[in-house]
Amino acid sequence: MKSARLPWIIAIFCLGLAGVIAELSWMKVRVSIPEMGKKQIEPSLGQGVLLGILGGFRTVIADGAWIRSYVLWERRDRAGCEALMRTSCLLDPRARFFWENTGYVIGYDMAHWEIRKRGGYAKVSAEIQDDLFKKYAQHGINVMEEGIKYTGGNVGILISAGQMSELKLKDFSLAATYYKRASESKNAPWFVHFMCARALWESGKTKAAYDWYREVWQKKLSLEDDHAPDDLEHLRFMEDQLNLTILQRIPRQSWEKKN
Amino acid sequence: MNTGPAIAVKGLTKDFRIGMRGLKLRAVDNVSLEIPRGQVFGLLGPNGCGKSTTLKIILGLVSPTAGEVSILGFPFATTSARSRTGFLPEAPYFHKFLTGRELVAYCARLSGVKPESVNQAVEDALALTAMTEAGDRTIGTYSKGMLQRIGLAQAIVHDPELVILDEPTAGVDPVGSAAIGQMIKAMKAKGKTIVLCSHLLGQVEQVCDRIAIMDRGKLVLEGRVDDVLTRRDQTIISVENLTPEARRAAEEVLAQHGARVTSFTHPRRSLDDLFRELVTGSRDA
Amino acid sequence: MPDFMKASLTRISWMTRLTFLEAIRQRFFAFLILLSAALVLSSVSLRFLDFGHGELKFVCDFGFGGMFLFGSVLAVVMSAQLFFAEMDNRTALTLLAKPVSRTEFLVGKFIGVWLVLGVFIFTLSTLLGIILWARCQELTVAAVEVGKAPPEFSITGLFSYTGMQWARLGVVAAMILMVASLARTFLFTVIVGSMLVVAGQLQWLAQETLLKPGDLNFFSKLLLSVSTYIIPNLQQFNIGDALTLDHGSVADGAVTLALFSGGCYIVVFLFIGSLIFRQREI
């Protein structure tokens, strides 16, 4: 009897060992797979995307889910639209397009749907409208923040989040933080530094805005082929606004046009 | 050299579990028999009597509930036993895309024939079973008789000491059946032990040296064919002119009447008759 | 090498050959490989559906999806079918009456199926590699013209991923043979096997939940923990994007460890399958 049980005991032990090795392997491998946790996957179940979640044809199914979301967008189906858009994000979490546009739709469109659902602009008070715009904008920014995490700090999403903070939340300080992160990215576009400085300026941190912008111009922008003359022009405006002395200003550049 | 029986079965019992309630069907009930080496042994019985189960246990395909089995002195279900055994199942099926030669070579390799000897072994097996010419055709093109013959070839390619044939002539025409009978005799001439399961009692009677009859899992009869078929309770006196009485009285009377007794023999019934008598009797008991 | 081991390996190799020959002849195999190839080829013409993923990623996804979906179907169905064909046709009777052990039978079947799956995977992978290379050349020319960075992909990454998928399919095949050793019918094996494959692909959810258990009760944790050992995490083999398109985002040794993990599960499942098969009455 003992000898009959021994192979089974060995089998169960080996199964356990295989499980331990698999766990170690998963710890190493999971960093390469931008998968989400159980909470994020739940809304997507029932959207007919099981195949994509299992691991196949993700891009195609994500695209299909996105196209289906357009139908719900037209119907102003807030919950359904968000679920399908999030599904696309889940299936292809490294794609900027899905995160950015999901944030846009939530932040810019859904507040209007809610207002219309509650009776229209005439019926809903300005206060409530404002609250709704802020609520959905924050929700949109949260989505974009997730997208920033999964795309490894995509510049486009950072800028979009900053814009939404500015336009909908009227939070220039928050916008500035996003623009700053974008500015520090490897693929930062030429205009983002000015956007950051302007947002800081608008938030009341005028001196800080100038100091930061100047540092960026001196360390990075001035080294470009054309020395970034537009940025220097903005800096000169700031210097004038701050009434800086000649010694406090950026020295005049040889190529700079005289006023 | 081991001179023990080819197959020794002691107290073999096999129960099958039926359904969920733990009911058991006893397929083989305390069967004991010995099959001597170098003989053709017929294992007979009606459908469902347990002979196929007995064969499967001998071959290690099914495990017994109780009892012991040894094959050529080796414990059953071991590679030592199976490497010395050849088996032709009932209604054999082989991969249709293989040629006959490929199948037999494949079986030779599986049975442990050395690579350098495989080709010769294959040709010998095909020759014995008259399949040399058809050896390069795919099995899918074979007739029923050819399938049985190629099945026999794969069973003997590794020159086993023991060959087990389950219904080797089932569905085969009389000519083919007779040919297989000749092959069995040829194998016996080479010193092999053959165990034959068949419903063709006429052929079994001609080919087998010993038989065993099973019914409802039990062994009801076992012995030499001549012994079991000869009716020793009766005597045939072959005489020229007189009726039988006691032998001496008859001889005296006959002698008085000028007649001569030429032989005293016992009547013989056919295996068919014996089989039906025993099996029918068991069911009615 | 001892004689008995040589003899055993010889028997396994002959069982493998026959299984491979039988499997490669099947129309089902030809159908799936053609379908998968057509799918991969069609990715080039369907690239208008690309929502900014990048064309190479889009094409890769078709190839990886084909390997995943059709490879899984092939592994499940073919493993079960080749096993039950032997049982139903009773060729298993003839084979197992020879000095072939149940373990050798199962291992021979497994290796034969795995080799067929290898043919499938490597054929698709080669086709995908050719398409990626061709598109990469065209996209590079276009990118240089507009001053953008040209797209890149890694051939070695692609073949590493192919190896991982082959390992994954090996785990699936071994799992199916284990189930088949116990099951009585082909249909049952396919259904249960498919469910196990789905469970394996979703196993990562259990492992992620265990990393952050939150307010899970003891029994839920125990159940999840046990499942992570019994059911292999097949998602660990799905790092095609990282290997092929994103250089440097795969941890050192991750591929080797995943392959080793797959090998361990293959051995364990075949071992358990042979223990079950030994008790089976043919």
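Letters A, B and C name the chains as they come in the text, with residue numbers starting at 1 for each one.
Throughout what follows, contacts are C-beta pairs under 8 Å (C-beta built on N, C-alpha and C of every residue); 3 or more make two chains touch, one makes a residue touch a chain.
Note that the coordinates shown come from a computational prediction; the quantities given were computed from them, not determined experimentally.
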item: Distance-to-centre winner among chains (Cα means, whole assembly as reference); value: C
item: Two chains joined by the most C-beta pairs in contact, as defined above; value: A-C
item: From chain B, the most remote chain by mean C-alpha position; value: A
item: Centre-of-Cα separation between chain C and chain A, whole angstrom; value: 36
item: Averaged-CA centre spacing for the pair chain C and chain B, given as whole angstrom; value: 48
item: Length of the line joining the C-alpha centres of chain A and chain B, rounded to whole Å; value: 82
item: Multi-partner residues of chain C (at least 2 other chains); value: none
item: Complex interface listing, chain C residues touching chain B; value: 7, 10-11, 14-15, 18, 21-22, 25, 89-91, 93-101, 279, 281-282
item: Residues of chain B defined as touching chain C within the complex; value: 56, 59-63, 79-80, 82-83, 85, 87, 89, 91-95, 97-98, 106-107, 109-112, 151, 154, 164
item: Touching residues on chain C, where the partner in the complex is chain A; value: 46, 49-53, 57-58, 61-62, 64-66, 68-69, 198, 201-202, 204-205, 207-209, 212, 228-230, 232-236, 238-239, 241-243, 246, 249-251, 253-254, 257-258, 260-261, 264-265, 267-268, 271-272, 275
item: In the complex with chain C, residue positions of chain A that touch it; value: 7-8, 10-11, 14-26, 28-33, 35, 37-38, 41, 51, 53-60, 62-63, 66, 92, 94-98
